[in-house]
Each structure stands twice: as structure tokens, then as C-alpha cells.
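What follows is a set of notes on a single structure, which appears directly below.
So that you can tell them apart, the chains are marked A, B, C and D in the order they are listed, and the count of residues begins at 1 in each.
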Amino acid sequence: MINILFFARLREEAGQESLHVEKAGCTIKELKEWLDKEYRLSGLNRTMTAVNEEFTTDDTKVTEGDTIAFIPPVSGG
Amino acid sequence: MINILFFARLREEAGQESLHVEKAGCTIKELKEWLDKEYRLSGLNRTMTAVNEEFTTDDTKVTEGDTIAFIPPVSGG
Amino acid sequence: MTMALFEITNQPISADDTAAKVKRPEAGAVVTFAGTVREWTNGRRTRKLQYAAYESMAVRQLEKIGREVQDRWPDTQAAVTHRVGELHITDTAVVIAVSSPHRRAAYEANEYMIERIKELVPIWKKEFYEDGTAWVGDQLGTTAYSKGGPKPHD
Amino acid sequence: MTMALFEITNQPISADDTAAKVKRPEAGAVVTFAGTVREWTNGRRTRKLQYAAYESMAVRQLEKIGREVQDRWPDTQAAVTHRVGELHITDTAVVIAVSSPHRRAAYEANEYMIERIKELVPIWKKEFYEDGTAWVGDQLGTTAYSKGGPKPHD
């Protein structure tokens, strides 16, 4: 199981804060494609991704127990 | 009569905050020379001078009723 | 407010409180930046804002920016408090405080931090206009990241 | 504290109080500078400080610097509070607050103001060291003015 977190616009689109899914072994890219198909989440190509609170790239493979967060363009400050 | 104000080190050297003297018509330069002689104030050549709260130069003539302040190098902030 | 140098809070924040965390006998200068809620942006009126954060990661990123600052300006000490939740016009959303023996470094490090925060820290602002809402920075066609936003593993 | 934008006081001063005077709906940024009493300067330990001012002229000069800032950065609003009297280590001697719609101008104007204050405003600092006292800037041989200090009628 992996834990997926949504924020900002993505959270509103997904209608939920998080998902627990059996997707260990996927790359971030595959995960994005799957979310696009299953949840019709738009603009995932424009989000950064963090694995366990560190930014990472699309070719990273996710591991059992990881927390994956999709980070839309930030606007703090 | 003119009003002369001393600050910081000059105030300590003069032993007073202000002087009222009959010196209208003098230039600032003459005033400094006179103070140097009469009050043994050191370093007047290193002070700025303000007349009525505006910085001015040594060749300015003081007028009856003016307030002359000797401004040692400032160190606020 | 806690004594943590980097924190996210849903309470009102103060420049003095954040500055107090970095004051020290060696410092002669404390520069603070307060980001406040502006009423007008590009001719559009904001009624209020909602700030949301990925809180644990945001604190981690702020700490990382703090380490960058210590590397670049070794004598400085920095603290950041970012508020989340509903904010109104003139409310303070973020305070950055940097102390330093001499002022130049405090100004420089402070400005560096706000730039980095706007790039790297997972906090989002939702604008409530008179005629709609928008998550700032996330409009199609104005993708911040395509213009060289944060790089992974930065 | 009064509501005057430029003031000299013998009471403790606060970044928040001075910043409050310049907050406004058009401003998205408030940069404050706090000058604090440092314990060590050039290897010499300060026990305490005494600040003295030619108060009426100091306020006038601060107002003049405020007008310079409005000329150079028209969208900014500035306020300065300078404390006089006896101050101890880490006490705040001066707070400069500048608000602006966008942050760059607030940083620039703020730094400009502290430079100008150090040149032009008749305020003096007396250091009380462990082994003596000195009016800062007025030591023979280290004349600030010979190195291009304030010019008359500036």
C-alpha cells in the first residue's frame, strides 16, 4: 500500500485528501497516468511530486509504505 | 541674542546644554573660533552645524533669534 | 506560537514574536518581512484568502531554506512563521525574521528566503474575489513551474 | 507611542507597532529593520548604551528622509521610531518600517533609510564599555565627516 495526498485544487477535484492504494512498484509517471484515468485529475503534468516529503522526479519508483504528495504550483509567502 | 545648543561630547565638554549670547551677525566659522577660545571646545572643526534645525555651512551668517546647534558626528540607528 | 524557528500556525502572527526568536547579543540588526493580504491584484479585488499547507513538509522545506541561509550568510539566524486558514485584507500571512551582526547580510538573507519560500514550500493560497475563487499560480496557461520553478532534490 | 510616522521616544519600541502605522490594503509587503544593541564591537564589550537626540531636528530629518523615499519609491509608505535613553544588550534602538504593494521596493527603501539615518539624523550613541565610555563616531582620528558624511542642504 502507498499513501497518496492531494492538495489545493487537486484536493477539490479528487474530492478527498488522500488515497490508500496498492501501487508500490509504479513510477510517479505511471501513477499520474493512472490517476488521470481513474479520477479525471487535470493538470497532473503541472504538479511537482514529493515522496516522503522530499521533491522527486517522474521516473522515481514508489515503494511499499511511501507517502506520495502531488504539489500544485505553490503560492505561499 | 542667539541660542547655541550643544550635544553629546560637546555638551559634556561645555558643561551646559545651551548658551544665550549676543552674537547675531557672526558667521558660523567666527562662532566656532570664539567658542574654541572662550570654552575650549575641541573638535568644533569636525562638527556639522544646524541653524534653526537645518544643516548649514561655515560661511552662513547668524541672525538675531537663530538657534545654532553643533552636531558632532551622528551615530543613531 | 511555539519556540520552533520554523512553523505553520492557524493563529494570527506577529513580527515581534518571530523576531524575538532570532534576537541575540551578537546581532545588531534584525530584518523582518511581513507578507500581508493585498486588496487589489491586477485590477481584481480580493475579499479574503484561504491558505492551505502540507504542513509537515512545509516545515521541513523551511528548515532546509534555513540551512541554505546559514551556508550563504554564516553569521545570520533566521525564523519563519507562516499562517494558514482564512485571512482578510491587511492580515499577515508570513513573517520572516533574520538577525545578523551587520545589517547587509540580514537584508540579503531575508529577501533570499521569501524568494525560496515562494518556490519551494508547499503552501497554497486560494483567492476569494467578488466574482469567483482561484488557487493562485495554478491557472492553466500560467504555469509557474514551466518557467523554472523548484527543481527536485534542490 | 503616538500615531506620528516619525518619532523619537524614551520608551521601549516594537516592530509591530511601527509596522502597524504603514499597513494598508494596497500593500502586500512590510519590511522592518530593527537596530539592536550588540554586545561586542571590534572585540570590545558593551555593557549598555545611552542614546541622545536633538529631538525636534531629528524628527524633521526623519520626515525629510521619508519624503526622499516617497520620491524614489512612490508606492511606499515609511515610518521610523527611534528610542533614546539607556539601552541594554538586545534592546531595540530603532525600527524602520516600509510597506509597499510589491516587496522589492520595501526592501530597497528600508535599507536606504537606515543608511540616511546614520548620515543625517542628529542622534548620538554613547557606549559604556567595561573600561570606559565613548561617544561613537566622535573619536579623534576616526572622523565620520571627513569620509563624506552628510552634506549641508542635502
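The definition used in the following text is that a contact is a pair of C-beta atoms (placed from the backbone, for glycine too) under 8 Å apart; a residue touches a chain by one contact, two chains touch by 3 or more.
This is a predicted model, so every value here is computed, not measured.
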Taking each chain's centre as the mean of its CA atoms, the one lying farthest from the centre of chain D is chain A
Using mean CA coordinates as chain centres, what's the chain A-chain C distance in Å? 24
How many Å are there between the centre of chain B and the centre of chain C, using C-alpha atoms for each centre? 49
What residues in chain B touch two or more of the other chains? none
Specify, in ascending order, the residues of chain D that touch 2 or more different other chains. 35, 114
Who touches whom among the chains? A-C, B-D, C-D
Chain D - residues contacting chain C, complex: 14-16, 19, 23-40, 89-90, 92, 99, 101, 103, 106-107, 110-111, 114
Taking the touch rule as given, give the residues of chain C at its contact with chain A in the complex, in rising order. 35, 51-54, 56-58, 60, 82, 93-94, 114, 117-126, 135-138, 140, 143-146, 149-154
Write out the stretch or stretches of chain B touching chain D in their complex. 5, 7-9, 11, 43, 46, 48, 50, 53-57, 69, 71-77
